[in-house]
Amino acid sequence: MTAHARAHPHPPVPITPEVDFVRIRFAGDSGDGIQLTGTRFAETSAQFGNDFATFPDYPAEIRAPAGTTYGVSAYSINIGKTEILTSGDQPDVLVALNPAALKINLPDLRRGGTVLVDSDSFTAKNLAKAGYETSPLEDDTLAQFTTIAIGISSMTKASVAHLGIGAKDALRCKNMWTLGLVLWMFGRGRQSVIKWLNAKFKDKPEIAKANIAALQAGNAFGETAEMATELRRFSIPPAPVESGVYRTATGADTLAWGLYAGSRLAGLKLVLGSYPITPASTLLHILSRMGDLGVTTFQAEDEIAAVCSAIGASYAGALGLTTSSGPGIALKTEAIGLAISAELPLVIVNVQRGGPSTGLPTKTEQADLLQAVFGRNGDAPVVVIAASSANDCFDCGIEAVRLATQFMTPVILLTDGYIANAAEPWRIPDMSEDRYAPFPVKFRTDPEGYHPFLRDPETLARSWAVPGTPGLEHRIGGLEKDYHSGNVSYDRDNHQRMTNARVGKILGIANHIPEQTVDFGEDEGPLAILGWGSTYGAIRIAVRRSITGDLPVSHVHLRHIWPLPRNLERVLSRFERIIVPELNTGQLTTLLRSQYPKIRLEPMNKVNGQPFHVSEIEAAIIKALEG
Amino acid sequence: MTAHARAHPHPPVPITPEVDFVRIRFAGDSGDGIQLTGTRFAETSAQFGNDFATFPDYPAEIRAPAGTTYGVSAYSINIGKTEILTSGDQPDVLVALNPAALKINLPDLRRGGTVLVDSDSFTAKNLAKAGYETSPLEDDTLAQFTTIAIGISSMTKASVAHLGIGAKDALRCKNMWTLGLVLWMFGRGRQSVIKWLNAKFKDKPEIAKANIAALQAGNAFGETAEMATELRRFSIPPAPVESGVYRTATGADTLAWGLYAGSRLAGLKLVLGSYPITPASTLLHILSRMGDLGVTTFQAEDEIAAVCSAIGASYAGALGLTTSSGPGIALKTEAIGLAISAELPLVIVNVQRGGPSTGLPTKTEQADLLQAVFGRNGDAPVVVIAASSANDCFDCGIEAVRLATQFMTPVILLTDGYIANAAEPWRIPDMSEDRYAPFPVKFRTDPEGYHPFLRDPETLARSWAVPGTPGLEHRIGGLEKDYHSGNVSYDRDNHQRMTNARVGKILGIANHIPEQTVDFGEDEGPLAILGWGSTYGAIRIAVRRSITGDLPVSHVHLRHIWPLPRNLERVLSRFERIIVPELNTGQLTTLLRSQYPKIRLEPMNKVNGQPFHVSEIEAAIIKALEG
Amino acid sequence: MNVSTPQVKLTAKDYASDQEVRWCPGCGDYAILKAMQKTLADLQAKRENTVFVSGIGCSSRFPYYMSSYGFHTIHGRAPAIATGVKLANPELDVWIATGDGDGMSIGGNHMLHVLRRNVNVQILLFNNEIYGLTKGQYSPTSRPGTRSPSTPGGSLDSPVNPCTFALGSGGRFVARTTDKLMKHMPVIFERALAHQGASFVEILQNCIIYNDAVFENLTEKDQAPDTTIMVEHGKPLVFGSDGDKGIRIKPGTLVPEVVTVGQDGVTEADLLVHNEKDATLAHMLTTFAPPAFPLALGVLYCDPTESFEERIHGHGRVADVPDVNLADRAAIKADMDKIFLRPGTWEVK
Amino acid sequence: MNVSTPQVKLTAKDYASDQEVRWCPGCGDYAILKAMQKTLADLQAKRENTVFVSGIGCSSRFPYYMSSYGFHTIHGRAPAIATGVKLANPELDVWIATGDGDGMSIGGNHMLHVLRRNVNVQILLFNNEIYGLTKGQYSPTSRPGTRSPSTPGGSLDSPVNPCTFALGSGGRFVARTTDKLMKHMPVIFERALAHQGASFVEILQNCIIYNDAVFENLTEKDQAPDTTIMVEHGKPLVFGSDGDKGIRIKPGTLVPEVVTVGQDGVTEADLLVHNEKDATLAHMLTTFAPPAFPLALGVLYCDPTESFEERIHGHGRVADVPDVNLADRAAIKADMDKIFLRPGTWEVK
């Protein structure tokens, strides 16, 4: 969690599982309502006052055949009385609603952890589908864990029998029965879930009733069943959070809101041109529901039309925004070049996913960094920034709009599937604070001495005159333009001068962004962990834990990828060793080496579709400081 | 000229203008037939035995209004008795057929050089269009030059008057009159031009006659006019070239032929999917005329369809080729990712032009290097090679096919507008030499143990089984694939393994390409000039001249951009200073720094749409060795 | 068409791959898959010469489930990739599986051009009027007012009619069927394969998860007879549960109307007779939709002309490739010299 | 439509920019430019509210020569960029200048969708049946057999008919004219501007350099009367140098035929009467071509419906933007709190 979300800059760091924090993973068939169960549990924990982080992990198929391993959906949540920034490396509790869910998720469970299964689902057919030859409930598969096998399906059916609903609908309440039991295990109330169920099914009261009955029954089971004491073992008090109004939010939520806030602070209409693609579509969905606030969303025929419509909107005086993921961003490449050449503001969000090509659409990765910085024809510089968490997305959204409008440039904002989907508690910002001071755009209206490529001497931004303004009629385009008149120019020296101006304008932005700071730890020392994007949480917890253990390590995290903060080389030069964990094959390392040949960087790479574990980074710290 | 074109590895280097070499530039209106005149002069010089290099420079507009400065077309040619690799920094002779041509080209003329103008064209109207207030023939504009003003238009008309053709057609022979005179100035015969005219106008004998009459008249004018001795001053004997059969060829010619030769050596049908774009269209045109040799060319609806059709062709067992320039390559980005993921052979030629965006379509630049290496979503490595001259294009074409087919990978081959258009004399290679040994593709046909992602342990290339092969039916695509079965896989460790395999396969190619050598000069010393692509000629001449002047400098030139030659760091580490001239803002420097942080590189950049001058590089050498 | 009478007769099952089918239970795609496997078995199509090329979408998973060759490519580009396949090897039977998003949204341009060029491929457009794979956004074929995650207030744009578009793009074979017509689909697929040139088949397909029942009125047994019309070449345009409704042109106009045979003096002779080669009629038929008209199913248009491949190869434009896979050095040298030694060479001794 | 009666009357020259026009001497584009400048002067269009958006090609240089706002964008994308312009500011008059390559080859998909969505723009397709700017390659509208640098043996693919395509894509205004009709062009341009929604205008344009005279038979004074027909709403389809030829439908069919009034008992009453709202007739008209039929010029189809912008704004889907250019802090805070404080918050004291 960034400092912003909690005014308390550094709440305690989680050290001991089941004391400081508990990690629970709900898993089941994609049809079992797992994502919903997880979200409700998160919400309840939030309202109780825990800090938490979540990680939804759903299959690529819309709805794979029931019972198969590739149809398993999971939702991990880590709740704590400390700062919680990741969903946790290894769950302490695994809820598995069928054999396939057990099969897939058991390898992650902490040794000694708790497994809660629906024994009713362990039929021969389901076992076969999951690839179990004998039932894991009967062999020694679960020997190292505490296993609680309950006939959840039958209990659920029994719990709603009095309502006379169909068998299918009855069984659909299984997740609520389970949630009821889990809430009891954690000593949490059911009110907020009940309220939510009533709201969600307000048109189908009988379904609401059934779900509530199941929830209550699961809870009652905890209270009364024999294994009670064994079960009720998790008592995580609230985290010491700063006062304020909170809500849970995913990175998609906060980013959409941040981009909208940015457009308002700039005084511009927000026009989103987008084409659906996993995991970026949620941004389109959220902004589509903000028409009442003046947001225009346009589902274009493809990504090229999406970015082009955003460019057209910017040309006409709105803030053009386009959102996509890797393959879609690739398609936008040519048009981004036009925005660079025409020097129009444009915000391009890339919610990264596993690549190359279609790759792993539902898995997270950070492998589009070099594409963002270098991936265009010609010398075509843009601004690149990266958000480090769901919380950070809000501020990054505003920052992207600020840079795009003040410097008349496209800005690429990188997030990823992990940030977009993970939910965190989020302290609602007070927009009247000074950090949210407006930065209104001033359109050019004075015809005196006007030409379209007239530059502000300070920012090198060209003036922005929009169609509809009398006397400023002009023509722009993607051909090279004269530095002095803005007309098409094939002149040699002019091309050199314009190229320099474009490159110089972007590099000059380094003077208008914050200097790099050390996120946690000393400003110098034997070791720094340097990260960018969604590795933030894992690095921060690992570094803070290590420091608690008296290890001399610091955490540096980049938001501004291009241009780089002007003091970055200095900051990095104060550390003897620098480890760079990335969810790619070493892209930030490549970029930084090209800029700071003197800084020695040690890449630490992982490309398996999963975020870093805190323990992986901790291990790297220990190894580095031992070695 | 690369060593290959002339078996003599290092013919004498040109030092003294007008003794070793002469640079002449023809300039006039786009309607004046300038490109044609230049080409004919080049051809004649070639047949005489000179070495030479050319540089056509035509306007972006198809046919701009006559007499305007932006309608000026020029053709530079450098002929010598020595090794000639560039069209020459400053012309010694400027032929200007109208005031606009003089206006645009005069600043380049060597002080003391010769200007030959058509005085008939210096009318008030034309002077005004060119922006001259007084006639440069009458003021002191030409004071520092030898000026020869001849009424070329009227002389031309007179020379064809007896043929009774129309005034317009008569005037069109102006360029041949001029060429006749120039040929006389250089003591060259007219036979090859006459032969060419007869062939070209075989259906319009009266036009052929008129052109020949004009050519003869221009020549006779030289013989008889009073200024004769003043004019005839250029005597450049033949260059000492290796024996063999020669022809003139542009980079577009040799590249098309090389790619075709490559496909034949691989034993594959060549299928080009392309979409016209300057300056890459010529490749499409040349290959379109090779249907009789089995080449299939397909003008697709856009660049995406172009690359996709090439991918489809490769999938079906042909060699898929696609050709474009920067903006078109940008559009192909997503599909190249598919070819990477599906591990299919594919050759992508990028004939670079001035950017960003539409930029300067007819000007040359080298600014797509980082796009080639890094410009895709995901960790998506490809092979990148760059041709250094028209001559080198042939071998690079073959090399691209070899790497694509032997490693089942897309290969990006970079050339640029300069190479594509410049003509050089070219020694026709003997395809029975060992260096052109076939490398036939072996399609998989054995069903035993087959799966589509089975890899060759040595190259890591997957096996290639084409539709039509019984028993090998299989499915591939852009989703991540299982390392062992090739089926779609969302498994974590598998993604890591496949990512490593893809990256490792490409990096491993470093073991299958030649080690880096020093092109000219010592293997170690105080200074190296490191280049890539079309800067070859200028660097080589500058380095060789400097060495003649006892300056300790060497020339290293890269063909393999990715992976880099495995000994490159070692080669570079032997020099104290390394200057990297590039027609961009420093892209190779950026790439090499990211790979060899210990090597200190000094970028030398120019982005004005023009190739480097030998003198610019010479000056940099002198400055570096003085400093 | 790669059809033969092999030693062992292949059954529909032999055209299924070993991959588990991963569509949602109840998805209309299953029926289409089954119909295709049946079609190929009926024809005893050679698996090794059959290729399925697709883009991205639920429907584009189709190739994985066929035991032929298959290429699951990128979103919208299947027609372009299929064209390349045919350029390299015109002998292959190439089927394109695409969705309304894949084929009509991002891939609309390639659709236009593959039709116009008349490349000899079969295009199956799985039209579920929604983006299935990306979880339910509206598509260019969604009806106005469709509520979806990207159009929470209902979609605003007029949909494209795929068959009208295919005709407007110069398509020479345009047909329509539905995922409920298990007997009709194979007939249409066979016709598509038999047609030399690009065949366009729109299949109304139910997405049970994101757009369930949009075609209900057209596919349910009790309603279909009155809301759809099955056209057949040479037969009058008759429909209705009692088989007494028909289409005629209002005399003296180009305007069609629904009439009842036996009423107001209308006889069967007054009805329009379906003519597969009549482009105007085809255009009209593609636009028919309830409530005013019945939706037209069957082969709406089929007017063959030379295919793109026939033009390329038939005209000798592209020579056969010499020595593929042999790389005979002498032949290579001879061919290269043909290029090199064109006029304009000179010799240095 | 941004038309007004200003203080000072603007002349055609006032709509020309200060940039020198750089087309080849004799290019048909000059006439189109002149016709446009005349049209805007006739209408006294507001220059500041007029925007020309183009792609890449000779024709796409058009915006540079108009004194209005102009955006010369990238190849094929003008419709998408224009859509964005209209989303940001529906009040602007947006014209799209595009070529047969720009609009029908690379840009075909955007063309389909801008038409289908009915965005209120005017699309001018400069159809010279060739790629001018890139030096003469054939285009998707080139006639079969066109010899060009990329088709030295003659092109093989069947061309697309832009007007048929526009109709097939759901266009509601489709017209055709030529660069030789200096009086007709302004009439069509005015109609296009007046039409609410996407207007598609194909202009046959002569490329004197790479495709000279392909339209000669349609535009030369002595041939045009017999090779073209000028359609007008409500008027019979009559043409011919003697004004006695006409089009009728073969009775009882949908098949058109050319007849001569006064021969074989044909009277003017037998002729088809042009009806701009008849899509079937429009489809038929777009396909007319010599020698069998005269090429149809004029407004072939015009059947207005709500434009995309009207739907977006008229239905209150998108609220007006509060405080554009003002960034009133209190208003921003209030609006942001509307988002933030939706149910689900909790307070920590």
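The chains carry the letters A, B, C and D, assigned in the order they are written, with residues numbered from 1 in each.
Rule of thumb we're sticking to: a contact is a pair of C-beta atoms (placed from the backbone, for glycine too) under 8 Å apart; a residue touches a chain by one contact, two chains touch by 3 or more.
Source: prediction; values computed, not measured.
Colleague: Using the touch rule from the top, work out which pair, A-D or B-D, shares more C-beta pairs.
Modeller: The greater number of contacts lies at A-D.
Colleague: Using C-alpha centroids, which chain lies at the maximum separation from chain D?
Modeller: Result for the farthest chain: A.
Colleague: Taking each chain's centre as the mean of its CA atoms, how far is chain B from chain C in angstrom?
Modeller: Between these chains, centre-to-centre, one finds 44 Å.
Colleague: Could you work out how far the Cα centre of chain A sits from that of chain C, in whole Å?
Modeller: About 40 Å, centre to centre.
Colleague: I need the residues of chain A touching at least two other chains; which ones are they?
Modeller: Residues 70, 291, 301-302, 327, 334, 337-338, 342, 357-358, 477-479 of chain A touch two or more partner chains.
Colleague: Identify all positions of chain C at which a residue touches two or more other chains, and write them in rising order.
Modeller: 56, 74, 105-106, 108-109, 112-113, 140, 153, 312, 317
Colleague: Going by the contact rule set out above, which residues of chain D touch chain C in the complex?
Modeller: Residues of chain D touching chain C: 105-109, 112-113, 116-118, 140, 153, 156-161, 164-170, 249, 252, 254-256, 272, 278-281, 283-284, 287, 305, 308, 311-312, 315, 317.
Colleague: What residues of chain D sit close enough to touch chain B in their complex?
Modeller: Per the touch definition, chain D meets chain B at residues 20-25, 56, 58, 74-76, 105-106, 108, 131-135, 137-138, 140, 149-153, 209.
Colleague: Given the complex with chain B, which residues does chain C contribute to the contact?
Modeller: Residues 17, 19, 46-49, 51, 53, 56, 63-64, 66-74, 77, 79-89, 91-92, 109-110, 112-113, 312, 317-327, 329-330, 332-333, 335-341, 343-349 of chain C touch chain B in their complex.
Colleague: Taking the complex as given, what residues does chain A use to touch chain D?
Modeller: The touching residues are 43, 46-47, 49, 199, 241-248, 257, 260-261, 264-269, 271, 273, 290-296, 298, 300-302, 304-306, 308-318, 320, 334-335, 337-338, 342, 428-432, 436-441, 443, 466-479, 487-488.
Colleague: Sort out for me which residues of chain A touch chain B in the complex.
Modeller: Of all residues in chain A, those touching chain B are 59-60, 70, 325-327, 329-331, 333-334, 337-338, 340-342, 352, 354-360, 362-363, 365, 367-368, 370-371, 373-380, 477-480, 490, 492-493, 495-496, 499-500, 502-503, 584-585, 587, 590-591, 593-595, 597-600, 606-610.
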